[in-house]
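Read through the structures below before going on.
Note that chain A is present in both complexes that follow, paired respectively with chain B and with chain C.
On to the complex of A and B.
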């Protein structure tokens, strides 16, 4: 096998890992704050990709503006959904939250399939990021490098916002003890809306980054979310840095499998999950409660 | 599942009501069997076969959720895997109807044991995520293993004859054979729910630490329930494969897992007849929507949302609640 192919696949793995990281980070924030496992995260990723495509097609708004606007749009859609639907299931069993987001996912994806059919739509790589660098051992397409870089920045910014800013401190307080936080005069329901918005905005941003690489289609997030679930189980709930590291690692492993044993590439993450559950049921970075 | 909904919808097994409940259950059984016998004279038998297969599938799902409180998001794996094995056994090995069902069901039990072993140690949402991911593994296997024929699936599976004499290509024979399979599965599950084992599962569901402190090996009982549920889902999948002569990737797809959840939810979680009613409603709805040109998945999603926000008890649960039956 050529080195070119190996590094090429590892790069694809790193990119997929970046998407896993952004989606699982959003999941973790939402789960921490709302106690809901948002299975619709994949649908919001698709929404991000599609909004990027629509902005360009119908309004002539290019990639970089989309990168700024789309997360805000997707976040607002998410906030609206939280305010109207999710809010009603907080005092019920966690199971209903999962089922509700499953319904939301089916609805969003079903509507997009109805109006846009399942065929993928191409989105051009922005000219500023076209071309490739020659690294000696391989050609690195500029855009692919950019995706990895941008997602690291997004993840780091989110981590920074949660761990180091006052909004983040309030968010963490609300996660830890909502009743007490409320007693201090903090608007916890409002925070939950914001938290859900941020969580899905991350998925939306991942959708923008994905648009020039993967064809934009209504079902682009349908299978992705299941892989992300497996990644979250492998990493274990509760550690932000842990979930990012796990995402990248599993993405790379997936890329490596594509070179060594292509038939197994879409299964490898699930097999790893199986093994991790056997050995460490709480996940690599999780704590046993 | 929240405590109060369970109390409201739990089957008729409260200690004091035991004998009265049993009489009432017998009445329901009589009515049910009469309905099963008469149904093909009022509805198209093939449609009913589909309803019965999915009703059994939904009952199997409900068994795990109702008695253990475990929400599986991957039951299509057992349904579909059993279908593939049963179909392969009937088509390539030339096994008769009954033997093919046994092969399929056994395969589902084996997959259930494997998946249950790693998943029952986790609870709640993690359990749902794990089962969903494991089911996706089965989906990819079905896409790549040689005997499942990838996108083409298995088709033209011979139905064969029941007991070597009654030809299943006669749709009435097919219907009654399916009805017998359904009844066997249904009664087995109902008896299990009301057995000591079933009571123990409820105790674990309601207060796991307490069951542990009483010396029960909780994970083992949960695993048994999981395998039983997978086995019954497999029986449903095998029957469906033979009755419709086809197994395709949709049978192992997560949307089928979602569909069976919707059936149970719509009919009434944790109720005895809820999954059957839910299956009938969802199957008829899918048949109707298929020709209507409406976006079927979006409609199903919308029903999911409405059901959870406004109608959590489901059809049967709501009826039981209205009439004050506990």
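On to the complex of A and C.
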């Protein structure tokens, strides 16, 4: 096996890890604040990818504008869904939230399949990020490096916003004790709308980053979300930083498996999930309840 | 401010009923608190004192009757709207956030009115909290947690404060400190409703005591009557 292949696969792993991180981070925020397991997260990722494609195709709006606009658009769609639908199941068993978001996923995905069919649509790498760096031991396509960098920035910005700002402070308080937080005059229901919006906006941003790498297709999120849920199970639902670290780790491990035992690369995350569930059911960073 | 608004009560509770889950806990409670008064609600365990505060705060969702806060009918208000009228709440379990450090706990409640204390003033009042300001809220001792819970509402400018058992389970020296703080709050013109098991503590501070039994207010004892009616009080409280 050549070093080229090894580093190439590790890079792919890092990129996959970046997508896992952005999606699972969003899931962690949503679960913490709303108590909802948002299985539609993959559909919001797809929505992000597709909106990027549509903006360019129909409005001539390019990649960098999309990176700014699409998370906002997806976040607003999420906020509207939270206000009209999710709100109704907060007082019910967690299972209802799961079923409802499953329905939302089927609906969004179904609409796109209906209008666009399932074939993938290409999206060009922006010229500024075309080409590759020769690192000596490997070629690093600029865009791939950009994806990793951008996702680190998104994740760090989210972590910073939650841990170090007053909005984040209020968000953490509302996650821990919503009733008391309301009794202090905080509009917690409004905060939940914002929290869901931010959570799905992260998935939308991941969709923009993915558009030039993976074909944009209505089913692009369906494949990813299964793995992301396995990542979340391994990391545990509780921790923001935990979900980022776990995602990167598992992405790399997946890449490494592709080099040493390619047949196992699709299941290595699930094998790890199985082992973690046996010895630490709350996940690596999760707290037992 | 006109004379009329000074004399109208800060809090007027009329015939309030309240349910928690399937049990009927408050049965037609009526009470009122005037500006600058310290009023206690005393009574045995399970009389409904905590539930009454939760009803006033809007946390108890199944409630009926009339609760006027600063002359506004709040019976249909969500808790955040009631708080924003200028009400501060210090819950029985203290409600210190584990995921927030001391300063973050202090800064969490939004300002609801002008005239709250600054963080600096609060740290002067509670020097212990300054020393622990970077500690996670739940690493504090019980007394420190209680001080933080009180300090938290002093910063918001709330003019009506609801304190649920602020001395419960605390050492005498801490109880004294909390008593001194409550006297200071009274001097600043704040209006206080205090649920308290420790009658000796309550008697020193309160202008009036409401006695609660089985979800009803059964008696109101003015400060001046306390000595004369000590036997009745003792029998109410079973002490």
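We take it that the second predicted complex is superposed on the first by the 289 of 289 C-alpha atoms of A that agree within 3 Å, B and C clash if a C-alpha of one lies under 4 Å from a C-alpha of the other, contacts with A are read in each partner's own complex, and residues count from 1 in each chain.
We take it that a residue touches a chain if its C-beta (ideal position, glycine included) is under 8 Å from a C-beta of that chain, and two chains touch if they have at least 3 such contacts.
Keep in mind that this is a model prediction, so the values were computed, not measured.
A.B. asks: Of the partners chain B and chain C, which touch A:95 in the superposed model: first, second, both, neither?
C.D. replies: Touch status of A:95: first partner only.
A.B. asks: Between chain B and chain C, whom does A:223 touch in the aligned arrangement: first, second, both, or neither?
C.D. replies: In the superposition, A:223 contacts chain B only.
A.B. asks: So, does A:4 touch the first partner chain B, the second partner chain C, both, or neither?
C.D. replies: Neither partner.
A.B. asks: After superposition on the shared chain, which partner residues are touched by A:165: those of chain B (first), chain C (second), both, or neither?
C.D. replies: neither
A.B. asks: Which partner does A:187 reach: the first (chain B), the second (chain C), both, or neither?
C.D. replies: second
A.B. asks: Would you sort A:118 into first (chain B), second (chain C), both or neither based on which partner it touches?
C.D. replies: The answer is neither, since A:118 touches no partner chain.
A.B. asks: Using the touch definition from the top, say if A:179 reaches chain B (first), chain C (second), both or neither.
C.D. replies: second
A.B. asks: Touching A:267, do we find chain B (first), chain C (second), both, or neither?
C.D. replies: A:267 sits against chain B, while chain C stays out of touch.
A.B. asks: Please name the chain, chain B or chain C, that touches the greater number of residues in chain A.
C.D. replies: B
A.B. asks: A:105 contacts which: chain B (first), chain C (second), both, neither?
C.D. replies: In the superposition, A:105 contacts chain B only.
A.B. asks: Would you mind listing the overlap between the chain B footprint and the chain C footprint on chain A?
C.D. replies: None.
A.B. asks: Any idea which chain B residues touch chain A in the complex?
C.D. replies: It is residues 1-2, 5, 71, 73, 118-119, 121-122, 124-126, 128-130, 132-134, 136-137, 140-141, 144, 254, 258, 261, 265, 295-305, 307-309, 312 of chain B that touch chain A.
A.B. asks: Could you please specify the touching residues of chain A with respect to chain B in the complex?
C.D. replies: 31, 37, 85, 88-89, 92-96, 98-100, 102-111, 113-114, 223, 226-227, 229-230, 232-233, 237, 263, 266-267, 270-271, 273-274, 277-278, 281
A.B. asks: Give the list of chain A residues in touch with chain C in this complex.
C.D. replies: 166, 169-170, 172-173, 175-177, 179-189
A.B. asks: Would you pull the chain C residues touching chain A in the complex into a rising list?
C.D. replies: Residues 57-59, 78-80, 82-84, 89, 91, 95, 97-100, 104, 107-110, 112, 152, 156 of chain C touch chain A in their complex.
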